[in-house]
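Here chain A shows up in two complexes: once beside chain B, once beside chain C.
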Partner chain A sequence: MSENSPDSSGKIGYVVLGATKAEGGTRTVSFRLGGESDLPFIGMNTGQGSIPLVAFEICDDPEYWSPIVTSYTGDLSNDAREWAGVAEKQYGADIIRLYLTSTKRRGFDNFSSITTVMEEVLSGTGLPLVVEGSNEPAIDSDVFQRCGEAGEGERLLLGTAEAGRYRSVAAAALAYHHSVLAQSPIDINLAKQLNILLREIGVKADHIMIDPYTGTLGYGFEYSYSVMERIRSAALKGDTDLAMPMITSATDSLSVKEVREADPAALEDIAVEWEFYAALSSAIAGSSVVCVRHPKTVPLLKSAFRELWAGKMPGEA
Partner chain B sequence: MTDIDTAITLGNASLKEKLNAIDGPLAYEETAYHLPVAYALTGRPVHTGKEAILAYTLTKENPFVACESILALSEQGPGREPAPYTGFIGDAVLRKLGYSLVDGSILGLALLIGTPANAETASRICRELQEKYMLTFLAGDVVPALSLASVKLGLEYRLIPLGSTSVHGVHFVDIITRVALMFGGVVPGDPGRLLAYANQRAKAIAIVFPGLDNEGIALVDALRLLGIPIISLGGYEGGEWIATAPEDAVREGMERKGIKVTVTAIPIPMSCSPAFEGKSIRKEEMYVEFGGGRSPAFELLRVKPASEVTDGLIRVTGPEIGSLKEGSAVPLGIIVEVAGKSMRADFEPVLERRIHNFVNYGEGSWHVAQRDLIWVRISKEAVNNGIKIEHIGKLIATKFRIDFPDLLDAVQVTLVTDLDAVLKGKKEAEAIYEERDLRIQGMKDTDVDLFYSCTLCQTFAPNHVCIITPERPALCGAISWLDGKIAYEISPSGANQPVEKGNVIDRVKGEFDGVNRFVKKASHGEVERCSLYSIMEYPMTCCGCFECIALMLPEVNGIMVVNREYKGDTPSGMSFSTLAGTIGGGAQTPGFAGISKNYILSDRFLQDEGGIERLVWLPSLVKEELKERLVQKLNELGHPELFDKIADETKATTLEELVAFLDEVQAPALTMKPLL
Partner chain C sequence: MALKALDIYKLLPKKNCKECGDPTCLTFAMKLASGKGDLEKCPYLDPGAKNILGASTRPPIQLVKIGVGERRFAVGEEFVLFRHEKTFYHPPGIMFEVSDLWSGKEIEAVTRRVGSEHYVRVGTDLTFSGVAIRNESGDPDQFAEAVGVVEATGTHVPEVLMAHDPAVQEAGLKKCGNFRPLIYSATIDSYKPLCALAKKFGSPLVVSAKDLLSLGELTKLCNAEGINDLLLDLSFPSLREYIPAATEVRQKSILRSAPELGYPVFLDTTRYPMQDAALILGIDKYAGVIVTRALSPASSVAALTLRQNIYTDPQKPIQMNPGIYPVGNPGKESPVLLTVNFSLTYFTVQGYLESSRVPCYMFIVDTEGLSVLTAVAAGKLNEALVRDSIKKFDLEHLVSHRRLIIPGYASPLSGKIEEETGWKVLVGPRDAAEIGDYLAKEWKS
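Take a look at the complex of A and B:
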């Protein structure tokens, strides 16, 4: 009956992202996420865990990317390796999240290109990687197998696993020792169900991050926030099936009407603000990793987190 | 006929002799697991003959360890057999194979071994295994037999020739072993966990042709320890092998190991996912609609004998999408027929309710309500993408197979769009709905110790908990106590859970300590108390799906009920939708409750407030719908005149008019104990 007890007895488990040379990989840094025993900024403020990390999202086919970003980055977005390097060194990201958007092309079957892109990005940055494989169930098996294989030893976070579609991601994670990004549609019960499904297939709790699914501000974020709070409080009350760190990405921040239809002169600023506030709010709701796409959002978030989490260090493993 | 037991003894003796003669370094290439079976069982890396003999002794003379050691010596360097034989399969390839197993693109592993009497039989079995997504390994004489029959071998054909002798069959075991180590978290040196993994998780079967040598028999028989069914195609006696005719071998083996060919994708030109469940299709986006009061429509799920159901059969009776006018309302009957060994007629209503979810999963299809009240829309976008009515049937049939793999063996769907046929089918369906409602009638809350919960709506009303009792159906009207019970049987971890009534706290209000405990937990601590038969104190929470809202009108000391379909003003000064917005979302609102229509007829209706005599206003549509049963109930109570003392919108739509009406008819509520 621990779920029923009002006092917090549980603690969020740890997930390690990335592997340094000493850990069998090639990353220059690895992060140990999780460990919270309280909601952020509530209570004695002692258990709110380490400072949230900022993941910068890139892709291997910019045709499927927001023009707000690609017009800012220019040619850079055509070269995933370079882009990853710039994100690390210039934007100051903590993590790179690679979307294999090339697999969205109709009839995509050039699976060897996935290995190539993976190798390029791994050589372009020393940061831990989150990799988003296919969007199409028919090619999941081929895509995730390559992602997993190309990143063997690097402790990637592989996504996205959903309730009806998690086997290929889980298989790649098990075969090549990665973690799984488990996404549920703003629903605590489905989040739990998916974690149970993953456990049954063999993925351990310390290899799962919860993505509660985030709508951006004004487009459902309040639902996401509430679900994140509920996931976190259930976990703190002792529900171990929900006691994993969370990762969020309000990907629609750059495509909502207010941003899309903004005055061209102000568009970039509005885009960055929209992304910033959605990501900041996610972190306050308990997210360990927030993902953004506009380069200018990264330093803003980093500085906000530093102030809000004064004295806390990034969770280096 | 070969006697299995004798052969095992002879085979093991001969393996032991060969093992003892081993001399030289032992190793397989491209593996981190040394001699995998010996390593997994003993935790010791074996690299010499001496170590092999030690491992053999430690494992109580396990034939796998013997075969593995013998081959480790002979397969090295030039000893490796030429193509097509693969010999030992390295870790990298195995990782990919294991990936396919976990990912479901391979359903299981099969070992084919022995000497097929004719190549035709062997190649037929191989084809069947390929069709059923099994990865097949071949060892010994079966390989040349298949080559002669021009069967293509190799990983890409999912037929892997391990080696020319039956002993090569041990590679099948080292593969299962390494999969357990790589994917199953089994630790070397823990034979208990290895065996448990192999028995419970490894989906493997062995099919044995006649003519296996003694060593092969010893090896194959040991597979039983791993929980692998051994299907024998004749030529053996004694032992515990399962003799089967060749044409049944694959099915028999897969059934025994519980390997099911599952459906994963829904083959229609529309995305289907719970993500689309909450999405509605507005009038301007709609291509065609069915039901919703605009045309007759119904849905019905029935269980049939297996012989009458062809799995996956979809029929459309009447016009298809191409001949329907854009923007029109068309009749529709959704008839789902299912068969399954453990399927029962009383499961029907529960499964029928799932049609609602399934149709909503479609990106361009939308569904509300149930039974003969359904309302379905298909979007213009979906029709542009090629969606036909037939595809909705395909969606329903496939989702049923995916969601209820153990319960249903076959599902066929008929979609009727022909007006006369729909009217006829609807009439038959209505008789069945009534039959189902009768089944629950007569059951009392006092007859049972268990109620059922429903938390289906927590998706959008996070703390809402419905408690369903025989005399109080779920507030949506769609789930009765029986349905809750059955839903729990079908899916024990689902949204309907048994609720221990516990001790009575207040018999009249319907408060039970077991119910309170459950509600507190399921509402995540938000709701501490719940009275099942009162709307004034600790009423049940409301999600948003209630068929009706009951609320008190203090001015007349009575309670009014308004249904969802009623669009006009009510004496409370608020319309249904305003009220719904006020009380929904999982809140407990004293004085208000979401209820089903049938609950109005229940003896428990407003029990704490004095029963049906408190009812002062009910829209004429519901009054008419319930008339027959309501009049009967009032007669039983000895108050037949009460029916006409309940106002409707023709008598009053404002509080003033209601007061006047109630005064005129001398409604009992006026003189009852004050509500407040």
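Take a look at the complex of A and C:
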């Protein structure tokens, strides 16, 4: 085959998110991601790989959240436990991604509140969790320690590890057997380097997910799309330092000008389409988990994946 | 498989007549071998040689032109599987569907929308590409009438004539055949009369069959009828089949391992339950012409933006002109924020500055389109550039203060810039989204 066609020597490795009772946790479902040995949405019917999953993003302090979402959810977004439950049962998400935005407040030091929020969300939903810790390096260690401890046994995905700022999150993941979300700034070499750094301090390859960083539609999405394709191709050619499943989130989708300044009557539709176009394209470029913030984007993505996926569904042998 | 220049040369007339524009038949052969020549330029080629050379000397994916005039577009002539390997050249035409069962008013409204609707993003005008007129009545006169309504708008947008019955197709072509509409579509049963129509009107033709193998057979049959401007209909019953099929077509055609599949792809998204999903697939994965029902305002902007993103040349970052750009109505005491001339950086920062409602100046320096991170790493963004740019754009007369906000990723340069310029440097956030907060907290004029 030519250099254009990935040869079949490589395969995306597996990462497990969530743990059911039988697996030592309390989740009602767990997912094994990865296993693909071809380009995205190709070779599905050979039993390899898993259907892309949809993570719904919530937070514990909605003051730091898009008003497009909070005006849709109303009071619900003030209660992370309830919100997680609704995201599971009404929106139909596969995974909940919790951002601890409360830690953004200046001088935040109420670390016991993190344990409380974690317990609430774990009791509010049976879905596997991705947890985003602090935005402030000075408190990373305390925040991740609390997240990791509160979720012990649940096989969380803990984020975000970056080059130069990965030790606290990795330490918490190692201590409590969680996986690490490794984010690099739209650069295949930096993605690889970070995975190597993580492995050197003991995080196993099957406990790492790659976040190549997703610029939203119209704001650098093409760079992210191509980096995802390059990472997938490199993995299929046998580069094991890049053969982890990817998780992506075009987090700026709801704050760009096209969405923010849309005609109020069309604003919700534009917000949903902006997320949908970027998220589905990310899956086409190789992302295993796509994350969104607008409740209405979730069922759209789920239907699209069901329409495109010809392989096994989660839970099928 | 591709022929070598010498194999091609053997089939040429060897007259060295220069009428093709090349000095000798051998140089013409070399051009053909590299996919850059046009066989039609040789006036003395015998038909047998033409048939052999036809499939192997053209570009791996045939360039097909649709429509005439300002709005015409071309698809095909692509060379890579992934945009990062080089670039994708010809963005897919997105054609809005109308039906000959609709009223004239409805047909006219959609056509006029395609004619005038446009969005400006990053300095480029984005538009939909044309109208697809579908024959649902089964009646040639009614179809011709619908085509007539589209023509009468005077928008001159490219058209797809969607009628399987050659008699109906001909009725439509009589109305618009001079404008190079795309004919949809020929099957194994109808290819002969439809090829004859394509030949008569000089129109490109879509071929439809149940799988790639049959499509390849059909393109060969059409070639034998003298038709080379073809598109492959990959609108198979399940959308699941699209990505594997489109990828196989692209792979095999760029490798020239199946020249009979070396044509642009046609996708009719209206037949799938999730039209937007199908449209996204087509844009991301290799479609040349996509038919959709008229899109909602929300889908319109998203689809055109996605198409622009995927077809941006990754080798050439889009650049802004360096200079001073006011945001709001800044005055002598307003903050000055330095950033690079990578257009994406510019538009992102500008968006957040506008929403911060703090009037200010954006001070754009020339990093040849590199982002902040890469410009700092490569040394393109440095204290000398900042010093020279302050002079060049006369920043000292624009504001009365001497404070410069630089991007968070440029913080290693803060000391050097202060030394070199005498301005006080404030290090802004790394993430543009935090600029509003930053200005609110840190900027006191």
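Keep in mind that, in the parts below, the second predicted complex is superposed on the first by the 297 of 317 C-alpha atoms of A that agree within 3 Å, B and C clash if a C-alpha of one lies under 4 Å from a C-alpha of the other, contacts with A are read in each partner's own complex, and residues count from 1 in each chain.
Note that in this section a residue touches a chain if its C-beta (ideal position, glycine included) is under 8 Å from a C-beta of that chain, and two chains touch if they have at least 3 such contacts.
These figures come from a predicted structure and were not determined experimentally.
J.: Just from the overlay, do chain B and chain C fit on chain A, or is there a clash?
T.: clash
J.: For A:148, select first, second, both or neither according to whether it touches chain B, chain C, the two together, or no partner.
T.: Touch partner of A:148: chain B, not chain C.
J.: Have a look at where A:92 lands relative to chain B and chain C in the superposition and call it first, second, both or neither.
T.: neither
J.: Tell me the contact category for A:167 with respect to chain B and chain C: first, second, both or neither.
T.: first
J.: Could you look at A:35 and tell me whether it touches chain B, chain C, both or neither (first, second, both, neither)?
T.: Once the two structures are laid over each other on A, A:35 reaches no partner at all.
J.: Per the contact definition in the header, classify A:299: touching chain B only (first), chain C only (second), both, or neither.
T.: neither
J.: Between chain B (first) and chain C (second), which does A:256 come into contact with in this model arrangement: first, second, both, or neither?
T.: Touch partner of A:256: chain C, not chain B.
J.: Which partner does A:176 contact after superposing on A: first (chain B), second (chain C), both, neither?
T.: In the superposition, A:176 contacts chain B only.
J.: Would you mind checking which one, chain B or chain C, touches more residues on chain A?
T.: Between chain B and chain C, C touches the greater number of residues in chain A.
J.: Just chain B (first), just chain C (second), both, or neither: which does A:226 touch?
T.: Both: A:226 reaches chain B and chain C.
J.: Mind working out whether A:284 is in touch with chain B, chain C, both or neither, as first, second, both or neither?
T.: second
J.: Which segment, 188-196, 242-250 or 332-340, is the chain C region that clashes with chain B in the superposed model?
T.: Clashing stretch of chain C against chain B: 332-340.
J.: After overlaying the two complexes on chain A, where does the chain B footprint on chain A coincide with the chain C footprint?
T.: Touching chain B and chain C on chain A: residues 4, 185, 226, 230, 233.
J.: In the complex formed with chain C, which residues of chain A make contact?
T.: Going by the criterion above, the answer is residues 2, 4-5, 39-44, 185, 215, 217-223, 225-226, 229-230, 233, 252, 255-258, 260, 263, 266, 269-270, 272-274, 276-278, 280-281, 284-285, 300, 303-304, 307-310.
J.: Can you name the residues of chain C that touch chain A in the complex?
T.: 80-85, 121-122, 238-240, 243-244, 247, 251, 254-255, 272-274, 276-277, 280-281, 284-285, 296-299, 301-303, 305-306, 308-310, 312, 314, 344, 347-348, 351, 354-355, 373, 433
J.: What residues on chain A touch chain B, complex-wise?
T.: 1, 3-4, 6, 137-138, 140-141, 144-145, 148-149, 162-164, 167-168, 170-172, 174-176, 185, 187-190, 201-202, 204, 226-227, 230, 233-234
J.: Going by the contact rule at the top, pick out the chain B residues touching chain A in the complex.
T.: 95-96, 98-105, 182-185, 264-265, 273-275, 455, 458-459, 462, 520-521, 524-525
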